[in-house]
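Below, each structure is written out as structure tokens.
Shared between the two complexes below is chain A, which pairs with chain B and chain C, respectively.
Right after this comes the complex of A and B.
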């Protein structure tokens, strides 16, 4: 029984947590690709930026959370999302719009976004330093240990408050995105621009406004994902670097330009990561005595060592591109 | 009074040599105008120039006596123009009804009357309202495309080869619908390959050859003109 609880903690809960972060990032990447037709490499840094905004606000108002019994970082999240969304629109106006107006090729846009990445990373290090920071410097991080009603279960299921908030927030964002894309005028216009930009233009859809709405959504989701991840672990300036590849893998796995695909892709990549670094030897240990003699049970039977977990999204990416190049949900071919 | 007026238009793609050379065209309110001519004559180019999609080198285009050559597409829709491209003219991943809603993006009032009106023109669309437009047949797609354009309540409807690739039976149906739309007060300007059938329903016909006006007259007069028949309509 303890083995199963260990599996739930290490694979299911961790996978769902990191998968939620990937999903929220991938929705933004996929929306931007759908509307503006370029891979936005600075997306990871918009996440870091959002998390830093939330952290700065937490430092400024450390008591804010106690009033309502939630972590201060989470209470500050809406403000951080708004700030990041505004920054995203400004980045677009300053760097990407002039290029679009000159009808540059998508590769030039991608290069520009890498430039924005480097700039944001520099700025974040300049103002935020390079050390890891913890949101819970003034308050306690609630960790729930749930005992299961089995006699032989001595271990407990462990879930942290930030993880619960992350799950709830992801659920909320998925429904919000679904509502926006299917029920609101601008959401439908976003789908129209993604489907057929030329026809959207001749239909009288104001592409500039749709673009702004897209950046607002992508920017605020990025800030939310970055903040919620940092709440659970820690905030480091290189947060984005470790997130970027899995997020792009998630977007491509789901089918680029397909928001629902991005959500599924996020969890596929998240669970694949935790499954491949899980130590499967744990499940074999109870049967140690009945194993054949030539089989010597090693202490670690993980598919991939933890340090190499970044290879997992790479592997998924390659498999998907060979097996189903347009992604699980038939997105656009890049 | 003339609803749309094109004078001395020189236009083309990008900064390349212009395709249209000093083209003139005038259409009165409530008329059906048909642009015909051999392949490469610049028929679609003229239509796209009116809708601001091409580079205009010189000349003037007015709508309701106001110049429209520097307007963006969404401003033109606001002015009462609507354009149906020849290809890729529906949002394939979106339902029929969502396609219609997208045509009304500039409006913020209630759309249900306009949607019912479109279903009145094109009854087959009503039962397919929730189906993705990409799953429809060619003829039904053309109906969605025209319906989408009508949703902005245009005074001038520009149609680029609305019957391209359709069977003769469907072509008849589409022409019949175009006449019905026109009767409701919408001026129609279209490019057509099926020159005889199109000129038969046209108030005004414009024959373009190599980017220049070759013949301009009423539809009936052009059909009976021996020169037009010999050089263009194939006897």
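Right after this comes the complex of A and C.
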């Protein structure tokens, strides 16, 4: 029984947590992919930036959380989201819009976004330093231990308050995205631009406004994902580089330009990561005595050693590119 | 005649500017430092020429140059580092041989299943069997490798090298980088252009992770040094003479590559590549194998990156997997190429010289500026700077590299020396 609880803690809960973060990042990437038609490499740093805004606000108003009974970082999240969304729009105005007006190829846009990545990275490290920071410096991180009603279960299911908030927020943002895309005028315009930009333009859709809305959504989701992830673990400036590959993998797995696909892709990548670094030998341990002599039980039966975790999203990416380049939900290939 | 002169006036100006920069460095920092910088520039030039083929000739985005450099440097180290007798005399050498023999057997079985005649028409069954075979091979390999790797690490340290001449190592490094490029290009080149960027970025991180953690192979964070040189080492004939020799070796390599590239650029092959870059549809309509040509270019460029990377790391004389940084080994090279002028070999050369000198000089310059800020801050606002102020100040260079990329793309997309479009 304890083995199953261990599995739930190590695979299901952490997979769902990291999967939610990937999903929120991938929604933004896939929207930008669909509407502006380039891979936005600066997305990881927009997440870090959002998290830093939240952290700075937490340092400024450390008491704000206690008034409501939630972690201060989470209370500050809407402000951080707003700030990051505004920065995203400004970045587009200063760096991407002039290039779009010059009609450059998507690859040049990708390059420009790498330039933006480096600029953001430089600024974040200049002002934030390079050490890891913790949101819970003034308050206590609530950790819930849930005991299961079984006799032989001595371990407990462990879930932290930031993880619960992360799940709830992901759920909320999925519904919000669904509502925006299907019920509002802007959402319909976004889908039209994503399907056929020329047709959308001649039928009177204001591409400029659609672009701004896209950046607002992508920026605020990036800030939320970055903040919630750093609430759960810690805030590191090199967060972004480790997130970038899984997020792209998630967006491509789900089908580029396909927000629901990106959500699925995020969880696929998240669970694949936790499943492959999980030590499967734990399940064999109870049967240790009844195993045959020749079967020597290794202490570590993880599919991928933890230090090679980054190969998992890459492997998923390669497999999907070989077998189904359109992704699970038929995204855009060109 | 007059137009020809004005056409080259800008080039002449820029070249003499480079000359002045180099002379200033020699005058201020001495010839040992100057030669070291020039040799590094030469190595970076080989890498940048590789990138200018990929990006300038064919418009392929390689965001993982670091991976190709690191892999080639490792292969070069493996080939040329002196033989580790302790490893070859221990039992682990034969055990390691067995592990790899099993891996080969597994690969042979996978290949056999894939080309079995009875399965040719049952695609789903074949795929399933191949996946199962790959999974079993992988698991058996990992389980067998782990104890052997641990044994090597506790006993002999790492497997050492083969003790072959250094030039063989460089060539081997280039070839392995080319094989990696074939693998990546084969998967990504037929798809959206951004996918290549994502895949190369990923593979670079993976290669770094493997080199960093596979201690039995690379000594990981313990680093391998001193790497053997193709010329006499500073210990034998002094810094200046040996660096000058190394520099001349790399300059010969550059001269050969440069001559070949100039020939290729105006040859029918080069024209075809540029036609594909400028208008993919029409060249495909004229019967050119677009993806095949791109794969060619991608492999060729990566081979050059491999050779250059191997030369660079050999010159530094230390193989340190954690020393490979995306900023230094990918994006700096990007700036060299796009600032100098993509698709233009001369431009790349000049871009490399200018950008590398500015990069080297930017470290003391940034520290000096931030020292001033610190001083003023203390004097005017009694501002106590954080402890890691200097390391933070150096992050300013990351910002400047990014700013340069975006500004060049926006205001001078064709670089300092634009590619000359010849009309026929």
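Just so we're on the same page, the second predicted complex is superposed on the first by the 333 of 334 C-alpha atoms of A that agree within 3 Å, B and C clash if a C-alpha of one lies under 4 Å from a C-alpha of the other, contacts with A are read in each partner's own complex, and residues count from 1 in each chain.
Operating definition for what follows: a residue touches a chain if its C-beta (ideal position, glycine included) is under 8 Å from a C-beta of that chain, and two chains touch if they have at least 3 such contacts.
Since the structure is predicted, the reported quantities are computational estimates derived from the model, not experimental observations.
Novice: Could you look at A:199 and tell me whether it touches chain B, chain C, both or neither (first, second, both, neither)?
Specialist: In the superposition, A:199 touches chain B alone.
Novice: Based on the superposed arrangement, let me know which partner A:188 touches: chain B (first), chain C (second), both, or neither?
Specialist: first
Novice: Is A:168 in contact with chain B, with chain C, with both, or with neither (first, second, both, neither)?
Specialist: Neither partner.
Novice: Comparing chain B against chain C, which has contacts with more of the residues in chain A?
Specialist: Between chain B and chain C, the winner on chain A residue contacts is C.
Novice: Scan A:132 for contacts with chain B and chain C and give back first, second, both or neither.
Specialist: neither
Novice: Regarding the shared-chain residue A:143, is it in contact with chain B (first), chain C (second), both, or neither?
Specialist: After superposing on A, A:143 lies clear of both chain B and chain C.
Novice: Taking the superposition on A as described, I'd like to know which of chain B and chain C A:60 touches: first, second, both or neither.
Specialist: neither
Novice: Give one of first, second, both or neither to describe whether A:98 is in contact with chain B, with chain C, with both, or with none.
Specialist: The answer is second: A:98 touches chain C but not chain B.
Novice: Spell out the residues on chain A that touch chain C in their complex, using ranges where they run on.
Specialist: The contact residues of chain A facing chain C are 38-39, 41, 95, 98-99, 102, 104-108, 110-112, 114-123, 125-127, 129-131, 241, 244-245, 248, 252, 256, 298, 300, 303, 305, 307-308, 310-311, 313-314, 317-318, 321-322, 325, 332-334.
Novice: Mind listing the chain C positions that touch chain A in their complex?
Specialist: Residues of chain C touching chain A: 59, 61, 63, 139, 143, 146, 187-188, 191-195, 197-199, 201-203, 205-206, 209-210, 212-213, 326-327, 331, 334, 338, 386, 388, 391-393, 395-406, 409-410, 413.
Novice: Spell out the part of chain A that touches chain B in their complex, as residue ranges.
Specialist: Within the complex, chain A touches chain B at residues 185, 188-189, 191-192, 195-196, 198-207.
Novice: Applying the document's contact rule, which stretches of chain B touch chain A when the two form their complex?
Specialist: So the residues of chain B in touch with chain A come to 51, 53, 73-74, 76-78, 83, 85, 88-94, 98, 101-103, 105-106, 148-149, 152.
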